[in-house]
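One chain, subunit A, appears in both complexes that follow, with subunit B as partner in the first and subunit C in the second.
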Partner chain A sequence: MDFPVSHLPDGVAVLRPAGKLNMVSSGALREAITGLLEAGHRRLVADLSEVTFMDSSGLGALIGGLKSARQAGGDLRIAAVGEQIRMVLQLTNMERVLPPFERPEAAYADV
Partner chain B sequence: MCDAEPQSLALSSPPDDVDSVHELLEAVWRKHDDVRDLDRMAFETALVELASNVIRHADAGSGVRCSVTVAVTESRVEATLVDTGEAGDIVLTAAQLPDDLAESGRGLPIIQALVDELTYTRDGGLNRWCIARDRERC
Partner chain C sequence: MLTGIDGTKALTPVHHDAVAELARQRALDELKVLGTGPVERFDRITRMAARLLGFEHVAINFLDHDRQWTASRTSDAVYAERREDSYCDVAIQQTGTLVVPDALLDARFRDNPLLETPAGMRFYAGHPIASPNGERVGAICVSDTVPRPFGAEQQTILRDIATWVQDELALTREFAASAEVQQGLLPKTLATVEGYEAAGVCRPVHAVSGDFYDWYPVRGGAAFTLADAMGKGVPAALISATVRATMRAGSRYDGVAAAVESAADALEADLEGAATFVTLFHAHLKQDTGMLSYVDAGHGLTLVVRADGTSQRLASTGLPLGVGWDAAWDEEEVELRHGDVLVSVSDGVLDALDGTLESLVMVERAVRGAAPKAAAIVEAVAGLAGPTAPDDLTVLVLRRLPGVPLGG
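Moving on, here comes the complex of A and B:
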């Protein structure tokens, strides 16, 4: 799985995984998030528009990333989720913890 | 097309992984193009969670072999997984979601929310898991 990263004008780092976020790829997602934090990025967005499937392993990697980002004084938010990801977030009551924003640009519009 | 002829996969982990389960389901959906999107999405999520669970339990030992069989009937989508892993100590009563910031423990609650039947039996040194989802009415 590839993890291209782009940067919004306000310094937010946008991570764009593609394909399936399952137990095969979740470790790489976790490492990519850790790498961004170690490089000094604090406000992260996972743009999930190219992710076709996410299971509890992928969700676990996002939650791990969220915790690491908060420990570093930042945050991890998610954007552009498809129907299957939304279903998993709803079933696990995680929409409160990881509310999906429509677009990456909207994820930090409140701060 | 609504026949009950099953499609199956012999998975040996390592090196095989859950991506092969996704591929099996793609072949199943190609054959049964009348299965609705919601059923596909729900069933794929449940089956991948179950297969992940089987593979993860094998990680502690010397690997696991697992056969995955999927059948589509007019009323249901069903899968059977038979694996060589250690006996499951899993309790199939209503599973609770973990704390918000827990990084694991959501697989079983997800499966239970998405299928109408989930059974586990231990027989002849093998684990047998069955899941079935009632299909949306066409």
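Moving on, here comes the complex of A and C:
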């Protein structure tokens, strides 16, 4: 899986994984997040609008990315989640830690 | 039999051969490769060998007691069924490749009955296949009805392919043994808690599962756990075995929340190091009252299907273990009345159905449709998923037996 990265005017880096976010593809997402943090980015958003299915490994990649981002003094937020991802977040109660935003632009509107 | 100086019996060469054959036969039996029908992982190898070596006839044969089993073949070539007629049996007597350029010119083969048929093997090259402990249990061979050249490079390819088959056998054997150990860790019956029955199933998508279920007696009743480690396969299975042991070690705590918090503390570094997390349902049953206190750590897939026709999805309020935030787990309570069924499933059940929470309606329907026995309910719920579930699948059922009417 390829992760196109774009940058919003306020400096937020947006990752856009596509397809299935599972055991096969979650490693690449982790690496992309690590790469952005190492390049000095602190405010990251995963735009999940193109992700059709996310399993526990995909969720694990987001949790790991969030941990890394916070350790680096930054944050990882998620946006544009579909029904299936929303259900995974609800079942695991992880929406409390990773609340989904409507659009990537809205993820850091509070800061 | 020879007698040694000290009076002990020494083995004659004939006995040595018999003992060696016993060891070889046992190694073959342990691999459990016989009588399983066509096996795609072998067929893939023989197909590739045929293409690489330019032979139509390629086979993998195993030598079992007095007969030969053909585990894979690329053509309808006839291979000996009696071991005494088998070329591969000669091949496994040596460590290197056996090349028979023309069987009619070879004293070992020219009387072979198969040579009298049109499909008889004039040319044969076979390389032994060894079991993980080095016993030569079979061979991979190429053959033709006419003599053919077989050069050093082809011999090297055949040897490499034989090694590939060996690696497949070793890996399969290891997976099978791991699966046996893991299934052995699952509880069998809930004999100690009268008035209740429990059953479960844990069906891995690969050899071993990242889910598990467990129960064991605790003071005044029993404890139950269903947990699901992130991912699947061996990495998830290693984590799930660690979680199981840690949860059991916490069973001395009276409260379920204390047990989960203690386990979460103990597991934190391991889960962090492995970059993984675990969802978990953990409950204590009080035998006399039917009160079930539980913690749901991000699992969310537990139902109570009641005898009065209602049902209830148990609240899931806690985060999974290993997500790294200071999490507290709230203890909830639910009463199991006579005839009620608690059913907890892993998300493999969801994935196998439509992937949404609507699947839980189907789970409830399966519970009600099954015979009122824990084992039958487990079978019905697991059956929803069909034989090709995309994820590990685990079902745990606890059923309180219907009450006996007083003064009946």
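Side notes on the structure shown:
In this section, the second predicted complex is superposed on the first by the 111 of 111 C-alpha atoms of A that agree within 3 Å, B and C clash if a C-alpha of one lies under 4 Å from a C-alpha of the other, contacts with A are read in each partner's own complex, and residues count from 1 in each chain.
The rule is simple: a residue touches a chain if its C-beta (ideal position, glycine included) is under 8 Å from a C-beta of that chain, and two chains touch if they have at least 3 such contacts.
Given the structure is predicted, the values throughout are model-derived calculations rather than measurements.
Superimposing the complexes on subunit A yields a three-chain arrangement in which subunit B and subunit C clash. By the touch criterion stated above, A:G64 is placed in contact with subunit B and with subunit C alike. By the touch criterion defined above, A:M23 reaches both subunit B and subunit C. Judged by the touch definition given at the top, the superposed model places A:M94 against both subunit B and subunit C. Among the options 112-120, 220-228, 328-336 or 400-408, the segment of subunit C that ends up inside subunit B in the superposed model is 220-228.
Shared interface residues of subunit A (contacting subunit B in one complex, subunit C in the other): 23, 53, 55-57, 59-60, 63-64, 67, 83-84, 87, 91-94, 96-97. Residue ranges on subunit A touching subunit B, taken from their complex, read 20, 22-24, 53, 55-57, 59-61, 63-64, 66-67, 83-84, 87-88, 91-94, 96-97. Per the touch definition, subunit C reaches subunit A in the complex via residues 228, 230-232, 275-277, 279, 298-301, 316-320, 323-325, 347, 351, 355-357, 391. Interface residues of subunit B, counted against subunit A in their complex, comprise 17-19, 22, 37, 41-42, 44-45, 48-49, 52, 55-56, 97, 100-104, 106-107, 109-110, 113-114.
Per the touch definition, subunit A reaches subunit C in the complex via residues 23, 30, 53, 55-57, 59-60, 63-64, 67, 83-84, 87, 90-94, 96-97.
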